[in-house]
Amino acid sequence: MLVQDRLADLRRRFHRYPEPAWREFTTTALLVEELRQLDLDDLAIGPDAYDPADRMAVPTEDELAPWRERARENGVDADLLDEMAGGNTGCVAVVDRGGEPSIGVRVDIDGLFVEEATGDDHQPAREGFRSEHPGTMHACGHDAHMTLGLALLDSVIESDFPGRLVVFFQPAEEEAGGGKPMAESHYADDLDYLLAVHVGLGHPTGEFVGGIQAPLAMSHLTIDVHGESAHAGKAPNEGANAIQAAATGVEAIYGIPRHSDGMTRVNVGRIEGGTTSNVIADHVTMRGEVRGETTPLRDYAKAEFDRRFEHAAEIHGCTADVSVTAESPRADSDPDLAEFVYDVARQHADVDSPLVHADFGASEDATFLMQHVQDQGGLATYLIVGTDHPTAHHTSTFDVDERSLTIGADVLTDTVLDLATVDQDCTR
Amino acid sequence: MLVQDRLADLRRRFHRYPEPAWREFTTTALLVEELRQLDLDDLAIGPDAYDPADRMAVPTEDELAPWRERARENGVDADLLDEMAGGNTGCVAVVDRGGEPSIGVRVDIDGLFVEEATGDDHQPAREGFRSEHPGTMHACGHDAHMTLGLALLDSVIESDFPGRLVVFFQPAEEEAGGGKPMAESHYADDLDYLLAVHVGLGHPTGEFVGGIQAPLAMSHLTIDVHGESAHAGKAPNEGANAIQAAATGVEAIYGIPRHSDGMTRVNVGRIEGGTTSNVIADHVTMRGEVRGETTPLRDYAKAEFDRRFEHAAEIHGCTADVSVTAESPRADSDPDLAEFVYDVARQHADVDSPLVHADFGASEDATFLMQHVQDQGGLATYLIVGTDHPTAHHTSTFDVDERSLTIGADVLTDTVLDLATVDQDCTR
Amino acid sequence: MLVQDRLADLRRRFHRYPEPAWREFTTTALLVEELRQLDLDDLAIGPDAYDPADRMAVPTEDELAPWRERARENGVDADLLDEMAGGNTGCVAVVDRGGEPSIGVRVDIDGLFVEEATGDDHQPAREGFRSEHPGTMHACGHDAHMTLGLALLDSVIESDFPGRLVVFFQPAEEEAGGGKPMAESHYADDLDYLLAVHVGLGHPTGEFVGGIQAPLAMSHLTIDVHGESAHAGKAPNEGANAIQAAATGVEAIYGIPRHSDGMTRVNVGRIEGGTTSNVIADHVTMRGEVRGETTPLRDYAKAEFDRRFEHAAEIHGCTADVSVTAESPRADSDPDLAEFVYDVARQHADVDSPLVHADFGASEDATFLMQHVQDQGGLATYLIVGTDHPTAHHTSTFDVDERSLTIGADVLTDTVLDLATVDQDCTR
Amino acid sequence: MLVQDRLADLRRRFHRYPEPAWREFTTTALLVEELRQLDLDDLAIGPDAYDPADRMAVPTEDELAPWRERARENGVDADLLDEMAGGNTGCVAVVDRGGEPSIGVRVDIDGLFVEEATGDDHQPAREGFRSEHPGTMHACGHDAHMTLGLALLDSVIESDFPGRLVVFFQPAEEEAGGGKPMAESHYADDLDYLLAVHVGLGHPTGEFVGGIQAPLAMSHLTIDVHGESAHAGKAPNEGANAIQAAATGVEAIYGIPRHSDGMTRVNVGRIEGGTTSNVIADHVTMRGEVRGETTPLRDYAKAEFDRRFEHAAEIHGCTADVSVTAESPRADSDPDLAEFVYDVARQHADVDSPLVHADFGASEDATFLMQHVQDQGGLATYLIVGTDHPTAHHTSTFDVDERSLTIGADVLTDTVLDLATVDQDCTR
């Protein structure tokens, strides 16, 4: 079993090399380096782990190139880079003792386009493991998730666990791009249990949640507004102003009515368009998203989003295309499995506030894996390892409490081992 | 005197290497190559032509670097590139016969961030002199302006012109960045006449305008909106949405009331901000502009622009900073000089529709030079060489009629020579 | 006990005379006429039932006058009108047998500014009891509520009920104006139980809900935008456009971020301003509201609403004042009392779908009475009598299924009588 | 000839009874009372002066009724009111000596929906002739125009003027409703000259403008937005929010691009819709307008206005209808007649600043009469009698300098008499 210091070292090493969706070349290499030191029964990398055609939100080759180059500079082996050509990152690690049960664990590995804080009050900056990739950061704890996945494998290999353990090191969670190919992979078949893992989410060190409820259904959208350029001083009336159209569209989508059936979310999080100050812009591209407490609510928001951008564009003589780049469904934790995890967690000395359930309020493409396992008769839960985090996820000063790594590793290991002692609906 | 084919060749050569403001490394090199073949009395390049500190709208070193690199790839001499370090492009060419009058001619040299059309109905594409710089284009005729400047110098050098001719090959007109340093230069002092030259502007081949009236006063603006990022699904209320604030600001500035005193213009022509779909954007940068029929009208629009963005940002808990990156005043053509040019033009066989005056409706930083010359007691005019152009300036299918190059060169030359035969208020 | 036909007759009579908040002159007179035929121990009208100073959302004398005049035309007695001077409508009816328990029942009496449908598919139109007050309608079932209150009193008076029954015929529920004065009245003191009654809300005939959960906290708001008028053709720049400011404000408030803690609502439901087409408007008045799943969520929305309108106004050189005209807190049904009602309801032959709880999703100023009773140690519930309604509440074709009147009267009566047989926490 | 005090008295009397478009019952009665004391050859009132079917912007009978009632209270004769039934106000007064020339003079008579100031610094308030009609005001000087019309008739009747003088006391100028019927009337036929009269417009006492140029072409618009009502708390998603749609539309029309061909104007000056705070509004009505320096520019703005409102409505699931309620074309003053008036004016002792021309910047339905006369070969001008006015037209503190009444009456009279001494193109 890995000790606290080793866990912190691992996590800090991942933290230094954050890579966004499908660009996790260095990250996968770091994982593979560790995994190859373990006595695994199977290790599938990239296209061996899933069908690349099932991926969503795949970047263009132009977007991938600098990250592959950066990985090369980080010392990643050329053969390994070749295996991941086209951005087929991530891997699946398997321990297979021939018996039962068959347990899947999913951890995600991608970073975010967030510029990490540099101040001394930010631990990674102060202690020298701040992101080495400018403009990118592990601001959601996936560095901790990978560490937990490795620690779990290490402990289970040392144990007399009789069954099959499949750990999914999934890329592109933030773009909802990697959950689907992992769920479609044969590695996801015939699992009795699926544990998806996340740290924090407002739960401090010492809390542990057996299973979250109601992750939001979600669609990532790309919005393209096309107009006509013209000279802004000489003939503004001859243009069709794509920036003005985008502005009207942005105003319009935040004004989508709240729905009586439950929670929805809308956002435009990225905008880029036009050329320079004296030309009426003829093109704007945006990235946005909609979410819903249920899949129909997500679809309500998506339909409104679409219609509003279309007419907002027409107001200004422009056209707008809204396309879906990635989506994930809603899937709920099975209460029996959630309670099982809760029971394990509350026996841990450092877990002083175990919870069976908690609300989520966000989206997760782990729901693809959960739904797949549930469809095949298995049980799935999305558990939370509490960790103190000074600021919110996805912000430049996010950090985790490394003491929670041991707690998480212990509870995960005990859960996997204990599940081998019960029948398939978690009843002892 | 340069013949039609030679003029077209020159123009097409410039056309292939469009470079935006202060990035005219290859362009300046092409000019210098031609100018060095002429019997000039002075040729000042970059910092020798003006004080770099007087420049406006100067790009960052990061923005300049790829263009310098491209120039190197285009074969530009390393020493010449060193002379232009920091983006000090452009040059001033002088013929000085020791007598009077002293005449300035201003032509501008920069291209635009417009992706040139590729269709066969677009002459530069069809005949193989389309832009070799992706995303950039000579879409305003500055390639023709440079050609006219060279042709004029060639003809005057061949003549018995007794005075002093100073041709300003000015960078960064589109950003209103180069007019001021040229006007502040000692080369602009003690000029009896100043001729600023433009082709087209809606005037077909065969038209010629002695002097435009009422170029708009103008300010280029940079708008920075700062908010707070947050997870768009989990806690949208914790963010301060910079994209939403920018949208409200854009809507607000186009709604600035029309002014009873005359024409104003407002635009936001470039926008970029946020990171990805599921993060509330914490920053948006925009480039915009305001114009006015008079300087006070421009200032009215600027004050409204500023206030509106400030409060639009505050609606969404954000802040907005609006800063001026470049400005040009209004300056009018002197009627006597305009009429003089008109008289010359109407005697040209191919000018079938001469005009004394025309309205302009746009802005020009040639007004800095015009104002400077007028302040020192000289006369200035902004003349237009008519040319058929299939589509509007600043669009991807803009082109000029090369037959107009001869007309322009002839009328310019005759004007310069004739001005030597009259007294200083253009009276023969 | 009143029979079905008599209940329908009563309801239809109320239906013909809908009167909005604090204008229920005819309605109160109809109630008093009925109540005076019953053997009541107390009947307090208007200022005798509550302190007029506690009222909220009170109309101006100008707004009241036409309704008082209309009541006069409807034949309402002059003395009774004098008692209700200033819009002090509504009444409280008491049966007091000297013993225990003490039970309050709240029914509301006001109509809505909705123009009632005239088509033959709308029962009140077809059968001749459509609203006789143009532009006003009982579109929320308060006509049924009053009928239920009268039927309950009639039955309890006939029974051997040993305690005290206080029925609050409350005005101005739709404006959240009447709940507070009723709750502050001495009639609301020392009640062991409080039953608030509503029909429909999506529950069909045969359903019955023991107690709703989570009525939204709510604030009604008035927004005044002040600008400067000017001639729209001659000098638009001299104005400060209050209509443009209102538009920006409306866009801004619908764009208030969804909150991670739960549901919020915002609306502007009424707007009026400006004078005519060629004058820049100098004033706009709006009526709006905010709601929240909790009182802090309501306050979040209110603070955002306020700030957004303030800055939206400043964008256009205007000022905005947002003031609260009425508010109601959140208060939940006590589970024990809700279950008690449920137990009674499910024994009724025509209740085939009893429910203990249901969500609400709207606001109600009955929460003032509920909170008051709960603060004094009593139990309160907000129950729903299911009724088929062809279209949504507050629409022009809303109607109730009169068969539900008997069900409602029966269950209410049985609940009141049964509560006399249990101890105070509803335990038999 | 009327003396200064008599002119001031007349003007103050008109000032006390401002009446908006087609509601000028009292005003017409006051005019008729004065006109009947003059030795006229013809006096045509209402339907005798024009064809009521040619009117535009006619109010509904409901809108007319209170003004007719008010006129009755002001003592207007019942027979006269009958003549004006349906809002056929205004009159035409004729002096006909049988000879030439035939001269038309147009003065307008309607007031505005502006609440007049009450402060002591506002002369009409201080000296007791403030508007007696709440919410309505002579805020554009039409009280002075009527006075000038009467004074002119009085003087010409006393003179040996040989021709025909037709004075049009035109209703509904502010709504562009009365110019067309007056122009279509036979009284407008065969006029050699047409003088339209206005005071002020930024020109102080002592200035006099022979003929304004470029009155804007204009269209008055009514915009109806239809949506679906719903309960704002319970089911906002079931509504189609007409207030939100109106807000988006208002933002959109002020954002119509400035046109390269010249000045445009847009405005929404009146808005009303929705019912109350907790209902999603299903209807909003607005009154707006567009103007253009030329009729095509007006049409550009009108087409954009239309399209923008249509799509703004569709963003929110609503529909919008934009209809034209009144329009006026552009018509320019004839230079010869303007110069003639200028020549007369500059000989007046109190005219110290005569001008031949001035710009206008607003709209006027006098253009119908001007165009009609010009189409028939006559000359027309729109002259301005300078008057100090403390604040802008259409504001609550607008006032005129009564000294200008004598100047205006004198110059008008002299112009009419002098025109009888020249041939038809104003040449002496």
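Should a chain be cited, it is by its letter among A, B, C and D, assigned in written order, with residues numbered from 1 in that chain.
Just so it is clear, a residue touches a chain if its C-beta (ideal position, glycine included) is under 8 Å from a C-beta of that chain, and two chains touch if they have at least 3 such contacts.
Treat the numbers as computed from the prediction; the structure is a model and nothing was measured.
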Name the chain whose C-alpha centroid is farthest from the C-alpha centroid of chain A. D
Ranking A-D and B-D by C-beta pairs in contact puts on top A-D
Taking each chain's centre as its mean C-alpha position, how far apart are chain A and chain D in Å? 67
Let me have the rounded angstrom distance from the C-alpha centre of chain B over to the C-alpha centre of chain D, please. 47
Listed in rising order, chain A residues that touch 2 or more other chains are 234-236, 238, 241, 244, 248, 251, 254-255, 257-258, 260, 265, 361
What residues on chain D touch chain C, complex-wise? 20, 112-114, 174-175, 201, 216, 218, 220-221, 229-236, 238, 241, 243-244, 246-251, 254, 265, 267-281, 284, 287-289, 291, 360-363, 392-396
Of chain A, residues touching chain C in the complex: 251, 254-255, 257-258, 260, 263-265, 361
Over in the complex, which chain A residues touch chain D? Could you list them? 234-239, 241, 244, 248, 251-252, 255, 257-261, 300, 307-308, 311-312, 314-317
